[in-house]
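What follows is a set of structures for review.
Below are two complexes that have subunit A in common, paired first with subunit B and then with subunit C.
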Partner chain A sequence: MAVFLSALGFGVVTAAILAISAVGFTLQFSVTNVFNLSFGSVMTISGFVAYWLNSAGLGIWPAMAVAAIAGGALSLAINELLYEPFIRHGVNLFGMVIVTISVGLICDHALQAIVGPSFFSYEAPAGKAFHFADFVLTGQELAIIGIAVALTVLVQAALQYTRLGKAMRGLSVNPSLARACGVPTRRVIALAWFVSGVLAGIGGVALFLDISTFTATTGSEFLIVIIAAAVLGGIGSPRGAVLGALVVGIVTEVGAAYWNPELKDVLAFSVLIVVLLVRPQGLFSQLATERAVAR
Partner chain B sequence: MSAATQYYIATILVYIAVNAIASWGLDLQFGVTGVLNFAFILFQAAGAYTTAMLSLGPASGNGGFQRYLVGVHLPFPLPILGAMLVGAALSAVVGLITLRRLRSDYQAMVMLVVSVVATVVAESVLGLANGSAGLSLIPNPAEGLAGLARQAQTWVFVGICAVCMLVVGLLMYALVYSPYGRVLRGTRENEPAIEAMGRNATRARMQVFVLGGALGALSGALLAEFIGAWAPSDWLYPETFVFFTAVIVGGRGSVSGVAVGSALVCVGVQQAVQYLPIGGDPTVLASLEWIITGLLTMLFLWVRPQGLLPERRRRFPAAERVLAPGDVGGAVEVDA
Partner chain C sequence: MVEDLAKSFGGVHAVDGVSFAIPRGSLTGMIGPNGAGKSTVLGMIAGAIRPDRGSIALEGQEIAGLPSHRTARRGVVRTFQAASVFPRMTVLENLLLGVPPWHGEGIAAALLGRRRWRREEREQVLRARELLARLGISSMADTFAAQLSGGQKRLVEIGRAMMARPRLLLLDEPMAGVSRTLAPVIEALVAELREEGMTVLLIEHELALVERLCSPVVVLAQGRVLMQGEMAEARANPEVRRAYLVG
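On to the complex of A and B.
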């Protein structure tokens, strides 16, 4: 039981990081319908922005805030300068997947050429250890969980109650109808990219804090787990992404405690494949049909 | 010609052949039929490992320094044929999971996930294929030939690769430009239409998935025999992307185009980077290769999405028999 509980504790931390990132990934996908495989690179670059600030003496939490803005700006810039023009140029859904992979690879390897292949880590104290029965969580881990809860609740509430959130949901269901109803689609899409980048930035710093050492490709490697969580919950559904993150996070860490830790991701991916065989659209998604890229 | 130059040329030729075979495999899936197989490199890896397991002999050989499954020593064409069978079987399994029920964007994502899972499994399960160290000392079939100098043996292997490339190329022509190829293109362009014609689009996807998997495995088999080693770092999931670039640059759906594209992208870029005056830092060179590959893909998608040698659009003579008299005649242009 003790093993199980402590594994559960780790699982909740992993789930928190996953939830932040998966909500960002899925929110942008639901609004624009672009499978953004450069999301991991935005995480990494934001993580490195925080690293540079942190090395210059800034505390990790202010550095995370700056990294969030940097991630948002980068994500927005990539969309405005590359994706948006490509979509208007007539590149279809599949073409856009290839474009986003290209951008991801270019970002990762440009960063790698600059920082080299070495491992990096933040200067950040893990904080006091808190004991909850057999759970032991550091102050840092508790902060990450708190941030994740706050962000996911905020995103969900914004989607549910604000005009912008309603515009985003409208856009994800029927772009042309949303435009006909007076939704400024371009601005809403731009905002979706920005918010997604902010979440990528926060998720990236949280990830790098949690795994303690990182390289120029860490974000892209983690992206696969994010995709697994997002697809598991039903891609395009922020609620589903949180649920998927919890399942993937807890299954991986509990699996690691009882089984070969190196194979923990395999377990999560197996869950994904089993779920997809039973419910091909994911746990939460209602969207059974494909849509074109939103313009 | 010095031995070193000869070996260099032979290496380039082998790589051109191997990459053409792999790119054709992916072209059949992605270019012709429109299946986004982001796990393609997995099938090349399956071929490479199978060949190794079928030609290395028992794992206790060579002092038992590496662990792997099976471990038999079969004569020349059998390890390669075995590799193709395993590639096809693995494709069938992955295809059954992904192609039958999932939306096509989900298919792409799940295949990406499958590719990563496979790497993790190969790295962590030591008894499978020696973990992350990978397999080495994989025998080259030409090196068993008695009475031949080492250089001549290398050229024999180049010959084997060339024959394979020729056979696969002819097969591609036969497939792509046949009525069956039309079904495949129809699946890519307009699935409801092809289904309305009584063809089964899912079955077509499944078939090219298996066939392309076998071709990927063939390329992996030849590659492993040539370099003599194969490890998980050779088939990380971004490697699949290089073949996508080859297909896009060459011209998706075009047999000759894809051969040219794969020679340019898979072999040319790597060679060109070596000659750039930027010093020899291996990390920077490797990064630069990826950056160039990414830029090439975007450039082609923007400027010339049909590729260097585009897929032929066939014109059929006017369909007089179909059109009523008085209708506008002329030629009917269709994708064929």
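On to the complex of A and C.
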């Protein structure tokens, strides 16, 4: 029981990190229909921005805030400078996936060329341990969970209740109708990339804090689990992404405690495959069959 | 209002120097054989298509070349030939999305101006419900738009356009894809809009309908204006007859 509860604690922390990232990934996808596989690189680069600031003496939480902005700016820049030209030339959804893989690889390897192939870690105290029965969480972990809850609630509320959120939901399905309703689609798309990058930045720093050592490719390695969570919940649905993150996070950590930690990803994808066999559209789906890159 | 408008697609002159006026408060019809350039003209007025040259003035203000979300905010609101709704939103949400000028647009605005924004939202919901009642689809307010029939989607689309209180309403073949039971409902609705003094440009290929509803009419053929006048004149005009026979 003690093993189970402590694994559950780890699972919730992993789920929190997954939720932040998966919501960012799925939000951008739901607006633009670009399946962005360079998302992990934005996480990593933001994580390193926080690392450099942290090494220079800044506390980890302010460093995370700066990294969030850096992630947003990077994500926006990648879209405007690299993806936009391809989209303008009419590259289809599958072509864009290849473009995003390439951009991700280039970012990871460029970063590796700068920082080298070694391991890094933040200078950040884990904080006081809080005991909830057999459940032990550090102050740092509690903060990550709190940030995840706040961010996901904020994104969900913004999507549900603001006109901007409605515009975002409408945009990916029918951009010309959205424009005819007075929605400034270019600006909304830019905002989606920015917000997605901010979430990638926060998710990246949270991930690096949690796993304590990281390299120039850690974000991209974790991306596959993020995608599992996003797809499990129904790609394009932030609510689904949170649920998917909880399932994947808890199953992998509990599984790792009783089984082999090396097989975490195997577990994540086993869950994904079983769920998709029962519900091919994911738990909450918005996946339309006929979609094109929104522009 | 529209002067010397032109657009070519890959060397084909889809619209070649079109000039006509839509008198304020009129229901102006635009007719012409397939490929005459009607939808291209409408697209240019709506801002969805950038004209190669020419001018479009809305109550004296130039709007040619503005992107479509800007023309929409100036009050030029369109419907599409294929009835266009947001399928994963409810009928009510579809109507609410039709309203510019978007006070609650930014997250900051949504947080700071919450009280005003909430009041506006309440008013808009009220208006949307009134419109739905008028369109006879009140019972479908919370239905996903994807589940509607073609004609019902058209009603939602026109309702969405009316929510914006347009200064110029552009209807692109509103009868396309509409069942025979709903066609008269939509016709009556368009006639009501005319009685209320809304300025409308209607593209339609069914001449009898245009004759019942529109005055004046603009006849397009091969990207040019053949004539502008009353439908009776158009019927008598030999050039128009020839265009329809040839086209």
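Just so we're on the same page, the second predicted complex is superposed on the first by the 291 of 295 C-alpha atoms of A that agree within 3 Å, B and C clash if a C-alpha of one lies under 4 Å from a C-alpha of the other, contacts with A are read in each partner's own complex, and residues count from 1 in each chain.
To be clear about the criterion, a contact is a pair of C-beta atoms (placed from the backbone, for glycine too) under 8 Å apart; a residue touches a chain by one contact, two chains touch by 3 or more.
Fair warning: this is a prediction, and the values are worked out from it, not measured in the lab.
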Inquiry  = Going by the contact rule set out at the top, does A:P184 touch subunit B (first), subunit C (second), both, or neither?
reply    = second
Task = Please work out whether A:H131 is in contact with subunit B alone, subunit C alone, both, or neither, and reply first, second, both or neither.
result = neither
Inquiry  = Taking the superposition on A as described, I'd like to know which of subunit B and subunit C A:R88 touches: first, second, both or neither.
reply    = neither
Request  = Return first, second, both or neither, reflecting whether A:A110 touches subunit B, subunit C, both chains, or no partner chain.
outcome  = first
Message = Applying the document's definition of touch, where does A:L272 land relative to subunit B and subunit C: first, second, both, or neither?
response = first
Ask   = Which touches a greater number of subunit A residues, subunit B or subunit C?
value = B
Inquiry  = Tell me the contact category for A:A167 with respect to subunit B and subunit C: first, second, both or neither.
reply    = second
Ask   = Which positions of subunit A sit in both the subunit B and the subunit C interface?
value = 288
Request  = Using the touch definition up top, name the residues of subunit A that touch subunit B in the complex.
outcome  = 35, 82, 86, 89, 91, 93-95, 97-99, 101-103, 105-106, 108-110, 112-113, 116-117, 224, 227-228, 231, 235, 260, 262-263, 265-266, 269-270, 272-273, 276-277, 280-281, 288-290
Key: subunit C contact footprint on subunit A (complex, rising order)   = 158, 161-164, 166-167, 169-170, 173-174, 176-185, 286, 288
Remark   = Interface with subunit A, subunit B side, in the complex: residues 34, 36, 97, 101-106, 108-110, 112-114, 116-117, 120-121, 123-125, 237-238, 241, 244, 248, 283-284, 286-288, 290-291, 293-295, 297-298, 301-302, 305
Task = Mind listing the subunit C positions that touch subunit A in their complex?
result = 46-48, 67-69, 72-73, 77-78, 80, 84-89, 93, 96-98, 100-102, 104-107, 110, 160, 164
